[in-house]
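Okay, so here's the structure we're looking at.
Labels run A, B, C, D and E following the written order; every chain starts at residue 1.
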Amino acid sequence: MSTTQEIEIRDTAAKVAAADELTDVKGEKMVLNMGPSHPATHGVLRLRLEMDGEIITKAEPDVGYLHRGDEKIAENMTYNQFLPYTDRLDYLAPLANNVHYVLAVEKLLGITDDLPERCQYIRTICCELARVSAHLLGLGAFAMDTGAFTVFLHTFTEREKIYYLIEALTGARFTTSYTRVGGLSRDLPEGWLDELSKFLDEVEINFDETETLLTRNPIFLERTQDVGIITREEAIDFGLSGPNLRGSGVEHDVRKAQPYMIYDRFDFDVPVGTTGDCYDRYAIRILEMRESVKILRQCIADIPGGPINVDDGKIVLPPKEKVMTNMEELIHQFMLVTQGQDAPVGEIYFGAENPKGELGFYIHSLGGGTPHRLKIRAPSFVNLSILSQLLPGHMIADVVAILGSLDFVMGECDR
Amino acid sequence: MTDWFTSLTPNEQFAIFSLLKIMIAVFTVVLPMVAYSVVAERRISALIQDRIGPNRVGPFGLLQPAADGLKFILKEDFTPAYARKVYFWLAPAVAMVPALLTLAVIPFGSQLGSQKAVIADLNVGILFTFGIVSLSVYGIVLAGYASNSKYPFLGGIRSSAQMISYEIAMGLSVVPVFMLVGDLNLSAVIDYQKSGAWLILKQPIAFVIFLVAAFAETNRLPFDMPEAESELVGGYHTEYSSMKFALFFLGEYAAMIAVSAMMVVLFLGGWTLPFAGLNETATSLGMGLLQVGIFIGKLLLFMGLFIWVRWMLPRFRYDQLMDIGWKRFVPLAIANIVVTAIYLYLTHGK
Amino acid sequence: MTGVGLEHYLVVSAVLFCLGLLGVVIRRNLIVMYMSLELMLNAATLALVAFSHFQPPTPNGSPFDGQIMVFFIITVAAAEVAVGLALIVALYRKRQTIDVADLTSMKL
Amino acid sequence: MEILFYIFSTLTLLCGALVVFNPFSRNPVTSAMFLVLTIICMSGLFVLLKAFFLAAVQILVYAGAVIVLFLFVIMLLNIKEEERQRFRKFGTFLGAAAVAGLAWILVTTVMNSRAGERSVANNAGETKPLGELLFTNYVLPFEIVSLLLLVAMVGCILLSKTPETEEETE
Amino acid sequence: MTQKTEIGYNSKVEGEVIHTTVDAAVNWFRKNSMWPMPMGLACCGIELMAAGCSRFDISRFGSEVMRFSPRQSDVMIVAGTVTYKMATAVKRIYDQMVEPKWVIAMGACASSGGMYRSYAVLQGVDQILPVDVYIAGCPPRPEAVLEGLMKLQSKVAKEPWAKQHFKPTAQ
């Protein structure tokens, strides 16, 4: 006679729930796992919240769900080869990442001052356009988190126009890989600047409309004002940067503090908040976009003609016709493609104002075409570090608002 | 058959008639309306957001609800292993039924043939409605409890507090209406408004409070705490799938229809349209149907408002919602009652 | 079958009352005991409504006296439930249990 | 109408019994749900007794608020089901016997009192006179009850406040 | 040489006809009501959003109802790089979805690991999930997402549902 044994097979989720129960705090507290797939976490952030009712008593962010090993990959690539990976860092503003990465490499190569004027202007346009595009999405997602879904689609419509411009400029909607060490992959297409200025007129209307939907909306104000206050000291202590830092009243913008490229030539303000709450961070983004539009207008007015690449065959690929005819250019082409730019031994850090904050590249070179170590200082990662300090005491609905207002991108956070 | 029927007491005949009317009304009018309000929601939201909306399924996307509904029926009916099964199955039904029952006392027209155009003409109609509406909280609370999962649990807790709170504001807001009318029967309320003195003009504060409370009772934005998508994923129905989820989904729209109908009756004069001369009890069938049409037209107005607001506003936070309910609307409603009482005392008092 | 009269309602009320009492006596979960208490209150309201309905007209009483009593009972019951549940919650916070067998000491 | 009485009263008693002892579940939520059903059936009985207003109030207050409060507390405390083993056999038996005795006394008293013979069914069911009575003859109790509600409310708030400084004061 | 012709009632053929009709109906409902579960993991997530937004408007296909609860969605769109750390979560969410369910692997990373040949990245989500449609691109354009959805629709339209559920007993 055989005996049958019943084996209980439970749902994996139930098992995990049972495991979670063990870590549950005794009594009235409850542990809530937010993410990694949750509508408010903008990708794959995971928050482990300990709650007393709806109030959070402890928050532990858990990052790394999108850790792709970018920094390690960089060690095996020439400087130009790594460029596409920078697209996918802050994937809301690929153009700005491109520019800042090549600026870092150029600093390593020591050719920062050789860059032609036109190149600098186009790069500035790229950065500011990327800032507008990133802030538009940031605002939309923030609004969506507080429940105003339509604002998101509204801002995304403007983003589509930027995509159109970017596509005309770079050939890709999204992952641009536009810049090259020592220059750009191509010049502006014809008539592009006119379209840009047309877009600038339209986008300002959109800002106004977005503001009518949100800025004085009493519900939005209730949700964001005096919520998630980061004091000036906290912001500095945690090393925040970008709009999140300026929302707390610290007037620090890398574009002003350590002007790079040609930012010292433009007339623009750095908006600064007063209380450091979610609303201030929102308002700063809106104002910053308006400032970006201002810079873009100045760029369009001042942009000179001329070459877009450094005149150095060891840095930039020579034109094709010369490669086919000249020996020297052929060798340069060969060396650049196989070996990459020959960087000097040394280490540099270059930080620049990305839409999310200070994006820094630390490159340690032992010479040769590849970096020995490339470290990315991702603003989102640093900005998120404040969460465990900021969230306790807030309600679960505030978590959503705070996450939205911090406007992080897991791509660069986890790298 | 007829012998058996005539042998029954009038009360029993009334009960059987009512049940029959409820079934007819639910299956031929309410359910299609519910289904198409979902389409309306999707199309109107698309309009607001500069999109097109569902247009591939059938002409103008009109078959979209059929596709969605039948897909849900054919989907696997899944119950999580750790759910409390009986309540898990019970909750969707409990969520759907109260909204449909509410419609039983709503007079949607004056006279259709020889029948009064109301399913059950109770003389405490409004109290019945509130009683039934107050039961609708069970669907959500049970769903939150039965899912045995944290997000639904939070949704359940939120909704039980929210709905009880706003019921009070809602109940208090209609008291002045009945003080003016002097009767709890909903048909009497309409009779009172026949002359064109719609109560929205006489009691605007009551109307506003009722409207806001209606948003809260139906869990629509800006008060959709229990299911707040960006916070609680799906709230109380996170763990629900297939037809059970569809029942919650449709229950929300049925509840919207129910409160819209109540608002039409209480504040917009029901089926009357005084400035077009349509304020007398219908004598012919065509007239009766026209009045039903007017009623539905007014109802759709409110449905449109519900949908429009949902896509325009952000959502409140849980504690703000309770603050508004208890600290603003309840005192305001009480003040409104007092003012109305003083007014009545001065004008009609002895 | 004779017509349904007062005593029918009273019997139902009495049985319901005893059911509630039974619950208070045999259950040990404070909340369920509380619900049983509600049953007892409801039994009383049923009896009162029945009395009110079957009351013969008298010169110094109105047919609504019973109903008014019930009205007050419902109000008091609501107040009682609110306070009682608040007490239970406070108790649970202190002791982590609501089993009457575990709640044996007078001091919290 | 008689059949309705029997249906409602049977259901009331059945659901009431299931509140108290449910052979299938010791879950307090089950008790609460059967209490809702009991209340609804009882309001059916109220309708038969022509107390329409009370029937509606019964559902509104009990089913709509009081029992939701019960559920709220049950969910908040996350009460596990009672353990069956700890059911005191002897105590239960004794209690049941005592209650059965009481029931016997009550029912026989009701039956012997012949209350039904002297009673006349009146059909007063209107809400208006009820309200008038409430605000004329019974205005003092009415006010006292409202005061009671206020006191209860204050008490609840006081009780459910988190005792932050209690540790020090004790 | 004789040709076999079957005359008269052929239960097999009849059954097929009924099955095909039922299949057609069932598949029509299903393909027209694809509610996505957006697994927006990385860059592709943004283009997935773009597909839902005004310019591309996935709602025309009735698929704008993005349900974040896996229990209520029909098609999981894995948009972005699936790392090993995330893979367990993706798999678990897929397991939580109810039948019938489909998977679209959106973009190079989800399809094959893409440009991330590194220690942290799962080389294609098809290692853990049965993928129905792969969308090429890094990230794919929203049009490509729509095309992927249409591809999936035409795939669903051919699924033999009735045959699986009502097997003819008499042959």
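The rule is short, and it goes like this: a contact is a pair of C-beta atoms (placed from the backbone, for glycine too) under 8 Å apart; a residue touches a chain by one contact, two chains touch by 3 or more.
Here the structure is a predicted model, which means the values were calculated and not measured.
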Quiz item: Relative to subunit B, which chain has the most distant C-alpha mean position?
Solution: A
Exercise. Compute per-chain Cα centres, compare each with the mean of all protein Cα atoms, and return the closest chain.
Key: B
Practice problem: Return the chain whose centre of C-alpha atoms lies at maximal distance from the corresponding centre of subunit D. | Solution: A
Exercise. Mind checking the centre-to-centre distance between subunit B and subunit D? Centres are C-alpha means, answer in whole Å.
Key: 28
Quiz item: Roughly how far is subunit C from subunit E, going centre to centre by Cα mean, in whole Å?
Solution: 57
Quiz prompt | Rounded Å distance, subunit B centre to subunit C centre (Cα mean) | solution = 32
Quiz item: Using the average of all C-alpha atoms in each chain as its centre, how far is it in Å between subunit D and subunit E?
Solution: 53
Quiz prompt | Multi-chain contact residues (two or more partners), subunit A | solution = 11, 13, 38-39, 153, 157
Quiz item: Multi-chain contacts in subunit D: which residues touch at least two other chains?
Solution: 1, 53, 57, 65, 69, 74, 76
Quiz item: Which residue numbers or ranges of subunit B touch two or more of the other chains?
Solution: 49-51, 229, 233
Exercise. Under the touch definition given earlier, write down the residues of subunit A that touch subunit E in their complex.
Key: 11-13, 16, 36-39, 43-44, 64-69, 72-73, 84-85, 87-88, 91-92, 137, 152-153, 156-157, 159-160, 163, 173-175, 410-411
Self-check item: subunit B - residues contacting subunit E, complex
Solution: 42, 46, 49-57, 61, 63-64, 66-68, 70-71, 74-78, 229, 233-234, 237-242, 245
Practice problem: Under the touch definition given earlier, write down the residues of subunit E that touch subunit A in their complex. | Solution: 39-43, 45-47, 49-50, 53-55, 68, 80-81, 83, 85-86, 89-90, 92-93, 95-96, 115-121, 138-139, 141
Quiz item: Which of the residues in subunit D come into contact with subunit B in the complex?
Solution: 1, 27, 29-30, 33, 36, 43, 52-53, 55-57, 59-60, 63-65, 68-69, 71-72, 74-76, 126-127
Quiz item: subunit A touches which residues of subunit B in the complex?
Solution: 45, 48-51, 80-82, 148-151, 154, 158, 221-222, 224, 228-233, 311-320
